[in-house]
Amino acid sequence: MCYGRFRNVATDGLRPPAPPPPTNHSILTTRTHARILEGQTVIVPGTDLTGAFRDQYTRTYRHMLLARVLEDRLAAVYRAGGKIVGGVYVGRGQEAFSAALGVQLRKGHDVYGPLIRDQAGRIAFGEPILDAIRTYLGSIKGPMRGRDGNIHRGRPREGMPPMISHLGSFTAVINGMLMARRLQGREAERAVGGTGIGDGGLSTGAFHEALNQAAVERLPLVVAVANNQYAYSTPTSRQFACHDLIDRARGYGVRGQVVDGTDLAACLKAFTDAVQRARAGEGPQVVIGKLLRLSGHGEHDDASYVDPALRKGQAGRDCLEVAQTFLLDQDWATAAELSAWQREAESEVDAAFAIVYREALPDPYQESWQALSRADLVEGSSHAGPEL
Amino acid sequence: MSITYLEAIRLAQQEALASDPRVFLYGQDIGAFGGAFKATKGLHEAFPGRVIDAPISEDAMVGMAIGAAIEGMRPIIEMQFADFSSVGFNQIVNNAGTQFYRTDVPCPITVRLPSGGTPGSGPFHSQSLDSIYAHYPGLVILTPATVEDAYTMLLEAVQIDDPTLFCEHKYLYYHLKADALPDEALPVGRARIARPGIHATVVAYSAMVHESLRAAEELAAEGWQIEVVDLRSVKPMDTDTILGSVARTGRLLAVGETFPWGGATAEVISRVASEGFHLLDAPPQRLNSKDTPIPYHPNLWKVHRPTAQTIASSLRQLLRY
Amino acid sequence: MCYGRFRNVATDGLRPPAPPPPTNHSILTTRTHARILEGQTVIVPGTDLTGAFRDQYTRTYRHMLLARVLEDRLAAVYRAGGKIVGGVYVGRGQEAFSAALGVQLRKGHDVYGPLIRDQAGRIAFGEPILDAIRTYLGSIKGPMRGRDGNIHRGRPREGMPPMISHLGSFTAVINGMLMARRLQGREAERAVGGTGIGDGGLSTGAFHEALNQAAVERLPLVVAVANNQYAYSTPTSRQFACHDLIDRARGYGVRGQVVDGTDLAACLKAFTDAVQRARAGEGPQVVIGKLLRLSGHGEHDDASYVDPALRKGQAGRDCLEVAQTFLLDQDWATAAELSAWQREAESEVDAAFAIVYREALPDPYQESWQALSRADLVEGSSHAGPEL
Amino acid sequence: MSITYLEAIRLAQQEALASDPRVFLYGQDIGAFGGAFKATKGLHEAFPGRVIDAPISEDAMVGMAIGAAIEGMRPIIEMQFADFSSVGFNQIVNNAGTQFYRTDVPCPITVRLPSGGTPGSGPFHSQSLDSIYAHYPGLVILTPATVEDAYTMLLEAVQIDDPTLFCEHKYLYYHLKADALPDEALPVGRARIARPGIHATVVAYSAMVHESLRAAEELAAEGWQIEVVDLRSVKPMDTDTILGSVARTGRLLAVGETFPWGGATAEVISRVASEGFHLLDAPPQRLNSKDTPIPYHPNLWKVHRPTAQTIASSLRQLLRY
């Protein structure tokens, strides 16, 4: 999203942002284990810990894991230089919150509008990781064909349009997709639209207008507000002044929940409820996740401005580690299984990169250079900039 | 029967709603009230659920249209005044305008912009934004000057798969009348010779076509035959027709109601200077509104924009060369 | 604000909007009296009914009265045709709510940003009625000199900048004026900024951004939200979906109050409190007034879409009549005094119109036609449009 | 010592803050963080309370600046990218731009717009909005092409009593260096002959000046002496210097990085065609970016905008005429 010079990662004793993972490590190192024991998953009362929930939890965990492995790799490729220009923006620390929404939505039926840090949600919704890698690397086989990059990708026809950079302006687009279904008389299908916004994006007029619009139209919109404590370098104290973001939802007449965004169980519960209510016709739902961006704003940013106390607190927990402990504690997975899943994710990412590395990059001489679908309305080449 | 420009717009929307289930209307006060100018009068009742009142949220209005278009709808957004589209500017130029290029999925939205000056309307209810939107890739900019074009071009706008800005001129709403609506029309992208001539070409669009025609009339009395080209759409701009006319007359005056820096008249002059230089017998000239906000009081307003009188005097200078 | 063809006022049995007042009538006709008796002023507990309050109430009433007389006259001149083009936008029914804020602010010290229906607030703040008449008629002696019209007027150097039409965009300007004083080290002066917004304007992204900005900066901003039930023809049900607008304030972390906007005593109390708190450094304050626009959107609009039930309810009371009853009931004024004040207001308006009618209208040949203050940066006339 | 274009911008802001108590800075992440590009690095500490982090609210950022300017301050607003000013567009063109004309009270705000394309930045972090803002009355549009101009023009921007858009080019941030900062400069509104020549004139601004200079260099090897005019500000535009140059060379190519329809190059061509027609020995030509969103991948990006290579080939065609 943001342009910046490449910088070395600060190694200042705090956890450095997104270090490239050693290729063959076990995910449960001693240090990791210690951290997990410090911060336990709070099991939300009433959570069904059997059957369907176990299945959903485990599936979602694996989406999170794949997102983490993929983004670590993208960051490493970015740092190595040459292949990825522009920037890499990861969702480290936000995978549970992101995937917990994505996994509730059915591709081909629901609508999903992922934002900057929603790699995990995208995977959970069903975006192939090839789309991500192709877009970052600019492959002409990717959905954006080198025309747009990194997180600015999507497939509108498959219910997942691409965001534009201007924060807040995406939400109304999701509203429109839901409105279309209503106008087409398809409300009985009970499709839902999920999307995200950050603590910073909340300040945009565009988001205000869109959430209000959804409330007035009582659209089945679910908004995941990822309060990761910072908008780039700006702390929430410079972004809003309300006591609790839940009050924002109330101001629109919209139902809100607050969850610990580092706890997958809590996130799944909240989004299951929100999506169910939206499907049932109860109108827009807001879920606010308390968490911390465990990376720089982009990989060019060392995030040295982040308050160390936040890193050490509940919001600073790594949701992936929290989920691992939970899986082990519940006996839903053994350490060996976790390692196997990790290796599977790595192989999947390896394989996808191997494919994309062989693909062609865009060729300006093959490019249509047409911004309109109606070719007969495109201005003659003499008015359309330099010829090749 | 006598149909106004405004009524033609209303009828085109009625026709679009009646013939295409994908069409719906969204805008402030367009429902039961029928719109600030009554361009949607009766449509709310005739097409239940498809003519929808919007909150005062231009950004979200356009955003909603984009999403609906992606899902196969054909929204028509009414801005209460073109001037207020400045608040939906980002969605128009950066979201709608880039959609097809980025994703290969077209974005068929129509945004109606009640445009242009009328006496007493002041700086924020008088603007013409055609040239602002035409600057951006991915948008089609229609600027109908006649009752017939208001009708057929709005119908065509809805059918165009790309985001289309329909710049309808408020001054023409009641001032312009036709006896009947046409069955056929020039396609979008083609200019029209509004009046043939041999001594000089005036290229104009929207309300300025009529000021130019009046100027041509005035000069006819002095023995000059002025050709008036009505652009109909400023983007795409029909360079061939412009060049054809200049080939006949050797003299060019471009007239527009937007502010003077850049914009449609600069685009016309540049194209002719670059591609039809040898056709010109005199330096090409242009006339726009003045480089100030559009003044409220009619005394000021009527000299702020080009009029038949200032067009005629520019033409006299051009012919003297 | 809005362009429209002149239309005859509907005489459909409902109160027609803003009928031109008979010149020599007594304000307390029998019919008027009857209405007043139906809806009593609710005296807010703790209201000081003596001394200062009586004085303030009476003064504010006279501002309201002058605004009503002035606007009725402007409407009549508009209907007669010829002198006023474009439109007339009145604050009928909103005078109490508007004036109650304006009267708290000290011109030359505080900042005031009046909106469409704030003629009464303007008078209360100290804008001479000549400014209004000159702007409507386009006199070159007016603050806008024919360059802008009707309610788009102000004197930025005197703490009262003019709004632009784009709703919501004014609030941040008031923030900036307050911010300037802070940056100039003048916070000890405890200047306050008052401004307004309608139920429709609340939907704009611009207003959201600005109120949030004021909250983050803890600026001494007081926002009068005139919930007059309609934005042009659009009822509030199509504008927002929250249970109570007070929730909006909370969403920004801003203190809010709701008042009966037809009751001057309640309005004065609320704004006295809000302005005091803002002065004391408690940050932005929102006061929401429940009332009804007792006119068309502009004088071209017959407001036939207004729900008759609203007209008959509490919000439909005429605040001027309510205040008259209150003054009589409290023995703060006699019927004769009320009539005398009315005549004074009429004379004042007569006199002002007489002055303005003799003033010159703008002359395009005298006009500078310069949008920049730096004349040397103005583009040469050949690039600046038609010569005269 | 070697000073980059970016450092010049930082130093100008430091100088403005130090010398004028009315100056303050407002923008996203510009405080302790020093800005997305580090253009305000260290200023938050050096000038406590005067370098203020804004929420992601471009509309309110500009609105706030207008109010502060009315009260005698000299705000500098940093947009994180020029592209995001589209969300503050209404405040810039309709509020700041009309303030003086409507009220006679000037509105001295400076809005810094990190502009222009860089590889990999894509459709929403690459735009140049000079031509959009120049279209509106009441605004001054600066487009510095050199380290020296970046410094002196930003200082001058702060002193100008009118709303000034400072279009700084991101590609030049690190690519351009100077040995020292100047003590004097041409006034705003005056163009500069960046390279003298006799065979053709290239009129350019911002990053395109450097592409044009490289093209001129290339053609020098072929025996052509190309004059390059650096506009420095697109509004006001220094028509006299342009005409003077065309009078010497008889040939004109206008080069800009904005989209092709309308905009600065059309304005240049129109002025010369209207006022310097007889000076032209060949049809005036122009070169802009292509009429699509700005593509992300460097392979596409580098042919989307004009480059030394395409400028040189346009010049060869122009000289062949």
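Each chain gets a letter, A, B, C and D, in the order it is written, and its residues are counted from 1.
We take it that a contact is a pair of C-beta atoms (placed from the backbone, for glycine too) under 8 Å apart; a residue touches a chain by one contact, two chains touch by 3 or more.
Please read these numbers as outputs of a predicted model, since none were measured by experiment.
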| item | value |
| --- | --- |
| If a chain touches chain B and chain D alike, it appears here | A, C |
| Centroid comparison with chain A (C-alpha atoms), farthest chain | C |
| Chain A-chain D separation of Cα centroids, rounded to whole Å | 36 |
| Computed distance of Cα centres, chain B from chain A, in Å | 42 |
| CA centroid of chain A to CA centroid of chain C, Å | 46 |
| Multi-partner residues of chain C (at least 2 other chains) | 144, 147-148, 152, 164, 166, 168, 203-206, 209, 212, 216, 238-240, 370-371, 378-379, 383 |
| Sequence positions of chain D contacting 2 or more other chains | 54-55, 57, 59-60, 83, 86-87, 90, 94, 97-98, 101-102, 123-124, 137-138, 235, 237, 259, 261, 274-275, 290-293 |
| Pairwise touch network: line, ring, star, complete, or other | complete |
| Complex contact set, residues of chain B against chain D | 83, 86-87, 89-90, 93-94, 97-98, 101-102, 123-124, 131-132, 134-138, 235, 237, 258-259, 261-267, 269-270, 272-275, 277-278, 280, 282-286, 290-293 |
| Parts of chain D lying in touch with chain C, wherever the complex brings them together | 24, 49-50, 54-55, 57, 59-73, 75, 90-91, 94-95, 97-106, 137-138, 140, 160-162, 187-189, 235-237, 239, 271, 274-275 |
| Chain A residues within the chain D interface of the complex | 1-5, 84-87, 138, 144, 146-150, 152, 164-168, 200-201, 203-206, 231-234, 238-240, 305, 361-364, 367, 369-371, 378-379, 383-388 |
| Chain D residues within the chain A interface of the complex | 28-29, 32-33, 36-37, 53-57, 59-60, 80-81, 83-84, 86-87, 118-125, 170, 174, 259-261, 287-293, 295-300, 302-307, 310, 314 |
| Residues of chain A defined as touching chain B within the complex | 143-145, 147-148, 152, 154-157, 161-162, 164, 166, 169-181, 183-184, 205-206, 209-210, 212-213, 216, 370-374, 376-380, 382-383 |
